[in-house]
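Report on one structure; see the data block that follows.
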């Protein structure tokens, strides 16, 4: 089967997962009419907005990576689709772990589940990639050796970084949150692969 | 009318039904900061995650089957579209019956409604298929006899299995849940039809 | 601008509006383990499911009509898009009025708002159609006179029927509900226009 | 990368953001059966519907503007996609600020956050536009000088108007709401750019 159908399902799933993040945001309950009442109420919403922004940008980056993969993979088979469904399954859990993190921002278990969820997204996509590049019949273009080499780093970078964030969370949780904020920026830096961008 | 439009509606409906499954997940309420408090709270979330995973994969398989049908059916008519809307109607109920099962995992009525819902998905799609193959003017390719024969089994396999799950639920409910977990895996096994895969 | 973009937005909006109907369904709260407890709890869910089914099928029919319109209208302009956004705005309200009807099934005000909402969907689509057929530069095919004549009936049939349902609701509300159930079936009957179906 | 993929993600995000606005609407709780009970209950829903309508139309206009931009920009690069994700991130916040405004319609802080959110949508899209027109390699058509000139006005008009609405809200909040209602209508007036419409 042509991979276009799976890509359409994936585009839909990413746009919905990104949009419903907003449903998890809790309204600030302002108790009065002054600026002080407002900032006091916003204090609680603040973490919600921060987690919303991190998850939205991380999902945006994953959508981009997932799109790039299909520049080389043009067909699908039974197992490739199954791996794709697994990937989408963990992606769709992100609004859940974001909600958990927004409510318990500095608790180790919220940081652990959030980091685990984001890592699993990368790892399932990595499985799909590894399966894809091992089956020449589903590729529609030769993959340059440099891309194969760099892709490992790109896929494994964030699981490693998130593992550090989880480990740190038992001692100084705000460092973990800082790591969650900084990691997406790492993916913004132009990489060696940019010359292959279609 | 070209079937492409109905397929686009269907792709949208499947990706949304799969994504909003996550909205039904209840946050674990951790009462303390220790590992024990965390696992105690997770206990309740556990069934939610299990039901989420089952439904997500079952919907993924149904999306795949529904896609395959359109490899042979290239046009639509009034009744075919109506049957399609009926199919989407039961598909969209899956987040509801999943929520019910997540909250009452080992109750016979939750298992019954969940099994009934999944069976109805297969049966309405089967109606659409039977209608489609009986109207040569909406096919855009000849359907090989072997596909026609095998398709009956593929469509009716899960309703039969789910009927067993429902019957068993009155006595040993965890076997029903085990059946729900195992059934999707049956659809992963390569079948005789794979050589016809486009 | 080519109408394809507006159609894509519309397909998305219809598939989401249809899918989120399920979010409004309230779980049955079964108080015991017997069949009697189950049917007692289902009693409340029953109206929710009925309203869900009516709205889902009505939206499906509207999606179909809206699709057919674009068989003749191939381009858009500023005002046509604005009318389209108005149409989508009332379509997206259907999950809201469905929720109201599910909770207050036999109350005149719920029937009134539901009937009003469905009528407005038809009427805004009718405005879009009237605007479209009056501007030759946005058509991409000549519209046969018979279609123009029949379309008036198809667009105005349900607002008239729903007006009757609203009027009746002050006296015998269950007749109004029966009208809501029967109306979609009227649209299933093959019409004189079927020979023009693409 | 071809911009088509980003456009598909954007179409999905816009249709979902527009549709889930309805989930924020609170049901009227009618306490009796008379017309008076009904209008009393509707009083609370009224602001919800008004905010729903404003946000829906504003998002429709933004979707239109965003679509027009891609008439000239046909390719994407790393930073353009990042700016796009930022734009979608603020767009997806609109259901949140709409909910806040619906609940606290005449409070200065709700008006401020709502006005800020809508302004940020325009400003992030403006950044994307400025970046796009400065990189000839992502354009697929020459942009006429008149469009470049007028675009500044179109992008900055609403942030300026919303800034006034926010300032006014500290004194006479209903004028701010009136500004929110009138602004979308300004965008409906045919502009000098219409002759360039594709």
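Odds and ends about this structure:
Chains: A, B, C and D, in written order; residue numbering restarts at 1 for each.
Heads up, the rule we're going with is that a residue touches a chain if its C-beta (ideal position, glycine included) is under 8 Å from a C-beta of that chain, and two chains touch if they have at least 3 such contacts.
Source: prediction; values computed, not measured.
Here the chain-to-chain distance from chain B to chain D, counted in touching steps, is 2. Counting the residue numbers that touch the partner chain, chain A and chain B have less than half of them in common. Remark: rotation between chain C and chain D after Cα superposition is 90° (nearest 5). Note on chain placement: the centre of chain A and the centre of chain D lie 26 Å apart, centres being C-alpha means. The set of chain D residues that touch two or more partner chains comprises 8, 12, 16, 20, 23. Because contacts link each chain to exactly two others and close back on themselves, their graph is best described as a ring. Chains touching one another form the pairs A-B, A-D, B-C, C-D.
The touching residues of chain C, counted against chain B in their complex, run 11-12, 14-16, 18-23, 25, 27-28, 30, 33, 38, 52-53, 56-57, 60-61, 63-64, 67-68, 71, 188, 190, 194, 197-198. The part of chain C that touches chain D in the complex is made up of residues 1-2, 5, 8-9, 12-13, 16-17, 20, 23, 77-79, 81-82, 85, 88-89, 92-93, 95-96, 99-100, 103-104, 107-109.
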